[in-house]
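The following pair of complexes shares a single chain, chain A, combined with chain B in the former and chain C in the latter.
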Partner chain A sequence: MSLTERLLNIDRRYIYLVIAVAVLVPFILPFHMPVYVSQPVRSVYDFIEALPEGSVVLVGFNYSPSTMPELYPMSLAVLKHCCSRKLKIIGMTLYSSAATIGDTALKEMAESCSYQELQDYVYLGYKPNFEATMLGIGEDIADPFPTDYMNRPVTEISMMKNIKNYRDIALVIDLGSGNTPEAWIAYAGSRYGQKIASGCTGVMVSGLYPYLKAGQLVGLIGGLKGAAEYEKLVKLTGKATLGMNAQSMAHLAIIFLVLLGNVVYLISRHKARKKVKV
Partner chain B sequence: MFNAIGIWVAIGLTICVYSFLYKDNPLFKFAEHLFVGISAGYLLAIAYHTNFLPYIYYPLKSALTEGKYREFSVLIPSLMGLMLFSRFVPRYNWMVRWPFAFLMGYSAGVKIPVIMQADIYRQIQGTIQPFGDKSSLWAITNAVMIMLGVICTLIYFFFSRERKGLSGGLSEAGIIFLMIGFGASFGYTVMARISLLIGRVDFLLQNIPFINSIVSNGR
Partner chain C sequence: MKRQIPLIISFVCGIFMLIQFFIPHPGFISVYRGILNWARIIGVFALIIGIGTLVRLHFRRITRRSPGWFYSVVVFAGLIVTASAGIIGGTRGKLFVWIFQNINIPLDATMFSLLAFFMASAAYRAFRARTLDATLLLIAAVIVMFGRVPIGDFLWQAVAPQSWVDKVPFLPEQVAEWVMSGPNMAARRGIMIGAALGAISTSLKIILGIERSHFASSSQ
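After this line comes the complex of A and B, so read on.
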């Protein structure tokens, strides 16, 4: 068997090994790849930056633990920005498996910037049924969320006294791994004219660009790269920034393997044609 | 103590799942089945606490004990929900039509107007918006590319005319736009999957004591 044939029939486990090494090396021998901020990420940052102190931001933690590596660092960076601007934060989730994630992220944020629960931020917890919840917030937030995560009546929470519906919310930020951004755009954006920003997994980015281009999203933070860009904007060296080194190395390895595969394939095809001519 | 046990269980299960990359094996099967079982149990518990208790049990309890008779109205949707299970009894499976009719009517009424607005009108508007409001030559080029991409792709999916001449050329261009779109989506998908791997690797390196010390020294 020639070298090209062997390379074309290589065991896929060698490819896994190459990727594993590419991901591991930056953790053991760290280096810093530059992170450039793209316009969709900057748009989210600029929108939050322009909000007056005390404005209300609704943050939806709509992702399951499986997508935490991408979305949790993004959540922390966005929350850190909100608290540095002294914005009021309402947290909630439409994913049953994300109930504790939102609570953990808000508590981590509160610790780092001395935010007080029920005064500076509130976590409403999980509510099933996207449509009914999003439409319900448009009428009265206490309808879909009569109590917060700890079963305290929402109407008795001091921060929520002057917050009734989307009119009192400056921005909805959906940090999601499913179809919640589209649902917010349809139910809160189209129906109530609510401003919406999305932080999503890398898989979803290309599907959300049309909404960004049409002005239905104020900005878009996509995947680990988007999270690293946001960390750069808020001057935070978090997991996304650290992870981008491994990400870049893995991408380089994949590009090399794709090129190698194509070159080897072209060589083998050229050889096969030569054989036929002979 | 419990936290440490939890971390070691997570480490063990991560290794069990990744062992599939070598080949299918009993450790992977064990982790897979455990995940399915725990997910089902967790979702059942969540559904009980977030749906059954607040929307059925507590209203009925208050109707019976506090005389709030209006709360008996929850019996209607509850019965309709139970009627969905009539599917399993051939003799009574006609009953499933009523809740389905309600669900379809509700969904159509709630979804169609907003989806039309968000996914059709605003998207068409975004595609054909005039170039005059664009601030730079680059923005105008982008707008032209989007418009061309949409037209060519739509022509590619127009099957009532033979693809030759101008329509053939435009549909070929449509294929190129589609391929670029698929390529971009695939690139993002690769990025997302690698991110998940990075998350797991980071977790393992942070929590396995011996390896943790090597990584900490590196950082």
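After this line comes the complex of A and C, so read on.
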């Protein structure tokens, strides 16, 4: 068997090994690389930065544990920014598996910047049927969320006294791994004129660009790279910044494998044509 | 009657939701809020149906001793222990949070991270420049993969002549950004407009009772 044939039929375990090494080495031998802050990420930062102290931000933790490595560092960076600007935060989720994620992220934020639950932030927990929930918030937030995560009546929470619906919310930030950004745009943005920012997984970024360019999103934080950019803006060395090295090496490894696969394919095709001519 | 009543409900609710958007009358708003509450309540039943289907499926696998039936026992154990921890100790209870952080998150993250290995293997075998379309896709993918990580800029700044780097220090990132906001967005917009028109047409067909495939059988 020739070298090209062997490379064409390479055992997939060697490919797995290449990826494993590419991901692991940066953790063992860390190095620093510059992170360029893209405009969509800066737009989210600038919007939050311009909000007056005490403005209300609704943060949707709409992702499952599978996408936590990408979206959890992003959540922490965004929350850190909100608390550094002294904004009031309402947390909620439309994913049943994310109820604990939102609670954990808000607690972590509260510990790092001395935020008090029910005074500076409220966690409403999970509600099913996200279209109905988003539309319900537009009428009265106490309709879909009569109680918070710990079953305390929302109408009795001091922070919620003057917050009735989207008119009292300066920005909705959807941190999601599914189709919640599009739903926020359709149900909260189009109907109630709500400003929306999205933080999403890397694979979702391309699908959200039309909304970004149309002005239906104030900004977009895409994937672990977006999270690292946001960490840079809020001067935080979090897991996204640390994970950038591993993701960089994995991307390089995949590019190398794709190019190698194509070179081998073209050589074998050239050889096959030559054989036919002979 | 079995078909006519759901058809009437679909028609009345569909038309109401359509016209209430343009009539902000308190009476309409009150009915609208009632419908939204109903929709959320119905949403909860989806969870109950999901759990019911899961229990039925795995119970059958255990009773029939199907291959891998032991994993169904694990599913039951997980379901009972997690639900009990949440119901008894509350969703902020130590055990519930511990299960979530030490079992649920690592398992879910592991399953998802395996994708990187499968994608790399699939890309090596299938991502070939066989046609012009495939070649364009390949070039775009390489540009975006290179530009969406800091190592792209790092290598550019290390390899390119200094005068070029001074002019555009983050060229790979900017080229990737152009691919995303130019060709990608144009194609996406076309797809989205097509899908939206399809959704409007299907919605109207459902409201008017022309589309009935959501009933048990189209032949009924």
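General observations
Here, the second predicted complex is superposed on the first by the 278 of 278 C-alpha atoms of A that agree within 3 Å, B and C clash if a C-alpha of one lies under 4 Å from a C-alpha of the other, contacts with A are read in each partner's own complex, and residues count from 1 in each chain.
What we mean here is this: contacts are C-beta pairs under 8 Å (C-beta built on N, C-alpha and C of every residue); 3 or more make two chains touch, one makes a residue touch a chain.
The shown structure was predicted, so the numbers you read here are calculated from the model rather than taken from an experiment.
Applying the stated contact rule after C-alpha superposition, one finds that A:66 touches each of chain B and chain C. Judged by the touch definition given at the top, the superposed model places A:128 against both chain B and chain C.
Shared-chain residue A:215: touches chain B; no touch with chain C. In the superposed model, A:247 makes contact with both chain B and chain C. In the superposition on chain A, A:260 makes contact with chain C only, not with chain B.
Of the two partner chains placed by superposition, chain B and chain C are both touched by A:205. By the document's definition of touching, of the two partners only chain B reaches A:239; chain C does not. For chain A, the partner that touches more of its residues is C, with chain B and chain C as the two candidates. In the superposition on chain A, A:189 contacts chain B only, with no contact to chain C. By the touch criterion defined above, A:24 reaches chain B but does not reach chain C. Once the two complexes are overlaid on chain A, the chain A residues touched by chain B in the first and by chain C in the second are 16, 19-20, 23, 66-69, 96-97, 99, 127-128, 131, 135, 191, 202, 205-207, 210, 213, 223, 225, 247, 250-251, 254.
Within the complex formed with chain C, the residues of chain A that make contact are 10, 12, 15-16, 18-20, 23, 33-36, 38-39, 64-69, 96-97, 99-100, 103-104, 125, 127-129, 131-133, 135-136, 139-140, 143-144, 149-150, 191, 202, 205-207, 209-210, 212-213, 223, 225, 228, 244, 247-255, 257-262, 265-266. Within the complex formed with chain B, the residues of chain A that make contact are 13, 16, 19-20, 23-24, 27-30, 66-70, 96-97, 99, 126-128, 131, 135, 182, 185-187, 189-191, 201-207, 210-211, 213-216, 222-225, 239, 242-243, 246-247, 250-251, 254. On the chain C side of its complex with chain A, the touching residues are 21, 29, 32-33, 36-37, 39-40, 42-44, 46-47, 90-92, 96-97, 100-101, 104-105, 107-109, 111-113, 116-117, 119-121, 123-125, 127-129, 138, 141-142, 145-146, 148-154, 157, 170, 173, 177, 180-181, 184-185, 188-189, 192. Interface of chain B with chain A (complex): residues 21-22, 42-43, 46-47, 50-51, 110-111, 114-115, 117-119, 122-123, 125-127, 146, 181, 184-185, 188-192, 194-202, 205, 214-215, 218-219.
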